[in-house]
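Each in structure tokens, the structures are laid out below.
You will see chain A twice below: alongside chain B first, and alongside chain C after that.
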Partner chain A sequence: MIPFDFEYDRPGTVGEALTVFRQLDAEQKNPMFFGGGTEIISMARMGNVKTGAVVDLKAIPECRVFEYDKDRLLIGSALTLSDLVEAKRFPLLDHTAGRVADHTMQCKITFGGNLASTIIYRETVLPLLLADAVVTVATQGGLRDYKITQIFRERLQLPRGEFIVRASIEKRWLSAPYIHVKKTKNEKVDYPLLTVACLKADDKIRMAFSGLLPYPFRDLQWENLMNDKSLSFPERAEQISALAAPHLLNNLDGSAEFRKFVLNNTLIKVLQTLKGV
Partner chain B sequence: MFRIKEKSILHLNVNGEDREVVARPSDILLDTLRNQLALTGAKPGCENGDCGACTVIVDGWPIKSCLMLTAEAVGKKITTVEGLKNAPVQKAFIEKFAFQCGYCTSGFLMACHALAQKHPNPPDYVIDEWLQSNICRCTSYEEIGEAIRVVLSQKQ
Partner chain C sequence: MPKAGIGTTVIRKEAWDKVTGNAKYTADENPAGVLTARMVTSTFAHAKIKKIDYSQALLQKGVKAVITGEDYPVLSGGLVADRPPLANGKVRYYGEPVALVVADSEFDAANAVTFVKVEYEPLPVINSLSQALASGAPLVHEHQETYKHISKDLYPQPGTNICDIKKIRKGDVNQAFSNCDSIVEAHYSLPQSDHIAMETRAARARISPDGTVFVKSASQAPFGIKKELSSVFNLEQGKVVVEVPFVGGGFGGKAATQLELLAYMASKAVCGREVGIRNSREQDITSSPCKLGLDATLKLGATKDGMIKAAQMTYLVDAGAYADMGPRLSKAMAVDCTGPYNIENVSCDAVCVYTNHPYATSFRGFGHASYTFCVERTLDKLAKKLQMDPLELRKKNGLAPGNLTPTQVPLTASSLGSLGPCIEKLKPLINWEEGERIELGNHKIRAKGISCFWKTSDSSPDAVSGIILTFNNDGSLNVNCGCVECGPSMKTTVAQLLSEKLKMDISRVHVNMDVNTKCSPTHWKTVASMTTFMQGRAAMRAAEDVCRQLVSLAAVVLRCPPEDLEVGGERVYVRHEPSNFIHFKDLVHGYQYQNGNAVEGQIIGRGSFIMGDLNLLDKETGKGKAGPWWTVGAQGVEVEYDTEEYTYRLIKAATVIDAGKVLNPKMCEALVKGGMCMGLGLGTRENFSYSGKGEVLDTSLRTYKVMHFGETPQYLVDFVETPLENSPYGARGLAEHGIIGIPAALANALSVASGVELDELPLVPETIWRIKTGGRA
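And now, the complex of A and B:
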């Protein structure tokens, strides 16, 4: 049971969502956009979040799109992670989404909700960072397209009252060689000790991580080392691990030292699987 | 736009029937099913989306009803364990002794039933992934796995 009341709004269009959010904000109701709602509900139950209104985005057709438009795949923010997994259109995203929480939760968590999560992992952003995704945002001035790196730095950086409508990916990335590795402390269903997602294109490996730092990221310096043909696979892994070591998370899920060990071994596996460069 | 500002009469479709409930916008589906409709098959366990004891099927997908607002369920088709009515998976659970205390059973039944409907011929890893959503503290996992495989084999 959630120990306080709030208003529930389910707009049917982008315009309605923006308008109702603005009205609720003016009424001092501290509204929140609501995707799958798993995080809001669980945190509200515990008293860790308080709101006077939620604006459910799942009935907006533009947020439910999952189709090709010329040379791009459009992925609506209100699709559930199960929708992504079942459709099998972007294998790296399918695998990433399929390892977030457990299967039944994937039937409720939305793509946009995972990107906007306050929990630090936000793993579905990894394929977007690698594939130079373009994200369409609903703003008071209409729909606007941004490069993923313009609006996602450590976490989603959108002005209050704006929300993600969809992401789009160039088709060429959908069939690129990839690998996704998620390591957890113990159980398969858990937060990541580390998650690494990689795409290979033009003979270069792109890689992005979650679980190592308090936010997901892609680091070009690490990528340059990963693609440095003058180094052996273990040398590349060791140098990246050394760079990472001072910054690694050190918590109950795993010590920084253990994360460094796992990172080193995982990078070697990635290089072997993708046949290096 | 669908809007609920306060405690209101809501219309839900549960187990094929249109039902009226009185719910606050912040009410959880699990509580509404149990307290207003006396459908107590969905069990409160962790109430945090971890255990799966409260699993119901919404528009064909297994959903943890502790993490769904009642208001969200308006316009959707909800199936609880009471709506299965001698489904093959229930028979298989009995034949394979796939429960001990029984508290998690309705949640497992719903996950297994949804799996059989969505994926009549799934590879083993898909069965494992779907079943990892539910916890049985009596550890009947082996028997539960056997039961769902019996149902799936009958579908082939």
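And now, the complex of A and C:
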């Protein structure tokens, strides 16, 4: 049970959503954008979130697109993770989304909601970081396109009252060789000890991680090491692990030391699977 | 011939209600006008309560009352009265209830609890067994000597954190060890964990103007609630009425009385209005009682031909902040401490210890899954040292009729059952002959581990059970029994036994699903895998009672001597002339003559049972009879292990159990499978983690993990049938047993696979990695 009352709005257009959010904010209702609701509901139940109003984005057609526009695939922010999994349009994203929570939750959690999550893993951003995604944001001045790296640093960095409408990916990335590995404490459905997503293009491996640090990231220095042909696979893995070691998460899912071990092992496997560079 | 009876699979009586979602559980119905109580719980594991300010909470919308421990300075507990229902003066574990807010709705109560301000003064925290037992350790309970002992055989040590010690001294251990060729010694550590029944605990209470207290609860022990409520609050037992509908899983966790006391206190605070209290999952995990933790040291000695001659054991039980069932659990470990093996020289100390962890209560297997882990891991080490086949070692040392148990009870074929045949049947199930460890290539290894188990119950000698039988006009039977339906299909088993005994169709045997302590005969508790035995014995007596009455009346009607009559198919008939009969329907509500005269009234059957010949254990040697009989079995687990990643997959889990008599084959199989699944949960993932301050960190199912359906291995179940002579049709209890040896078998398999000794749980890949590598990447 959620121990407080709140208003629920379900605008049908981007403009309405922006307006209603602004009004609610002015009324000091501390509004929140609402996707699948899994996070708001579970946290509100525990008293970790309190809001006077939610603005549900799922009825906005622009947030539900899932189509090609010339050479790009448009992915609406209000699509659920299971929408992504079932469509099989961007295999790396399908795989990533298919390993967030369990199936019941995947039918609720939205793509945008996962990107904007307060839980530190936000795994669906990994393919976006690798494929130079462009993210379309609803701002008070209209729709604006950003490179993913402009608005996602550790977490989504949007001014209050703005929301993601969709992401778009260049088609050439959709069929690039990829690998997705998620390692957990001991079972399939769990937070990651580490999740690594990789795309290979122009004989280079791009890789992004979740679960290692308190946020998802892509690190170019690590990538350079990963692609350094002067080093053997184990040497590359070892050097990256050594760089990571001082910063690794230490929590109930696993210690920093074990994460280092898993990282090292996983990197070697990634290199072997993608046949290196 | 009747349909059903025993030995054939019967669909449980409440199946349709359950599969359609129509079955009602305690918190499913919320009649208008019922108030809601919510707990304010401690944020410290050990602290003085300096002040509770609830003035602001009282001003919140819908709030009817706020109560604290000061309002009810009483102590509760099944064995020792050491636990205030609401903490009074100090808190002893993280999550302990400190105040109760009673409000119009759950919504109002949830809001108001945030306005209760509790000021604490932290005290040093006892966060482990070693801290608890260190000399000069801070005390969880400063004045144990003042506590009232409900159980007569407790030996607390006031001034320490020890709330009970049970000793087993059998033979001469020192002498025996000196004659051994091989000795192994090891230390084990198992964490506390939780029951995670699907239905969280819930209770409601109201007090009628004449003072009668009505309680509805999700409980395995309605009669225990009646007893405890009346003793804690000085109520007349006849004025406490407890009702229990279906229970959504108990696993021992619902045998303790907790929320019922709070519901009563809440109702009393609002002039007897009905108040409901329901645990959130988080409260169910931390505030309500959990499964014990265990530290153990075992030493086994054997001659070179593999005969185990001596065993020395120390079991330290982390009972948490309050005793609850803790001392009984450590006693259960002591009683069966050797596992099902004949060891003539045994020294065992089972110590029940207070800590600042959540308090422990009974949990499926009643301590047996914990100590069995230690025994069976040590046996594998001994087998390795002796270079013997681990199954052979177990078979060779298995208890047999004529042997004495650790508490020196002489065993018979009936009381023990047959371990050897269980081991023999297990072999092909897990393909033992192919070897324990098989390299599959690609850094994968398939490995097997095994474990045996035995278990008796540690019931009170005065534990009683009863059955009342009545009939409908049409000759069908009504059964009124006091056991609770918490999952293992108890009610159906009672119907099955009666259907067999009275030779009538099971669909004509109607059993009460709900229990009401005012109308149902007392049944001790639905625990300890004793229900089939206890209710079964009562049912047999009740059936004989109605048969006697039916035959005596029929003898008059049929004009023949009663000894010529038989009962079957809802008729009483002449044995040598079956065409001469009379239907039940013409007898059960009295017999009416042609002229209208009627004789005899309705036929009412009664049957009762008392555990009886058990006794208290000797304080110094442990000699005595704690339980009526044993159930034995052998189990195996097969895993596929990755030597590079330290990860593994569960392939198979198998159990062969001596059921005495398999009453309901599919149900027995399902119970054993469910037990194995829970055992794998303990083995692979379940535990409480604590912060340095003793706060439980796994307070929700986000981080506290249980087995998912998709992760279950292939389950294999088979049975041996050595009749238990004093049980209906020879049946033994088996509801708990699937769990007992599985954590040990898993650890044995993974130890074989990884090549290191894995002596702790749960076995997540990181644990194996840490033990294997020393924890440096």
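The rule we apply is simple: the second predicted complex is superposed on the first by the 277 of 277 C-alpha atoms of A that agree within 3 Å, B and C clash if a C-alpha of one lies under 4 Å from a C-alpha of the other, contacts with A are read in each partner's own complex, and residues count from 1 in each chain.
By definition in this document, contacts are C-beta pairs under 8 Å (C-beta built on N, C-alpha and C of every residue); 3 or more make two chains touch, one makes a residue touch a chain.
Being a predicted model, the structure only gives us computed values, none of them experimental.
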- request: Report for A:F4: first if it touches chain B alone, second if chain C alone, otherwise both or neither.
  value: both
- prompt: If you stack the two complexes on chain A, which partner ends up touching A:G37: first (chain B), second (chain C), both, or neither?
  reply: first
Query: In this superposed model, does chain C or chain B come into contact with more residues of chain A?
result: B
Task: Give one of first, second, both or neither to describe whether A:H180 is in contact with chain B, with chain C, with both, or with none.
output: neither
- prompt: Does chain B (first) or chain C (second) touch A:N265, or do both, or does neither?
  reply: second
Field: First (chain B), second (chain C), both or neither touched by A:G12
entry: first
Message: Which partner chains sit in contact with A:V189 here, chain B, chain C, both or neither? Use first/second/both/neither.
response: both
Query: Is A:L252 touching the first partner chain B, the second partner chain C, both, or neither of them?
result: second
Query: With the two structures laid over each other on chain A, which partner does A:R236 touch: chain B (first), chain C (second), both, or neither?
result: neither
Message: Can you give me the overlap between the chain B contact set and the chain C contact set on chain A?
response: 1, 4, 45, 102, 188-189
Message: Show me the residue ranges of chain C that touch chain A in the complex, using the header's touch definition.
response: 106-107, 110-111, 114, 280, 282, 644-645, 647, 684-685, 689, 697-698, 700, 702-703, 705, 708, 710-711, 762, 764-766, 769-770, 773, 775-777
Statement: Within their complex, chain B touches chain A through residues 1-6, 24-28, 31, 47-49, 52, 55, 61-64, 66-69, 71-72, 111, 129-130, 132-134
- line: chain A residues touching chain B in their complex are 1-2, 4-12, 16, 20, 37-38, 41-42, 44-45, 54, 56, 58-59, 80, 82, 98, 101-105, 107-108, 188-189
- prompt: Residues of chain A touching chain C in their complex?
  reply: 1, 3-4, 45-47, 102, 185-191, 241, 245, 252-255, 257-258, 260-262, 264-265
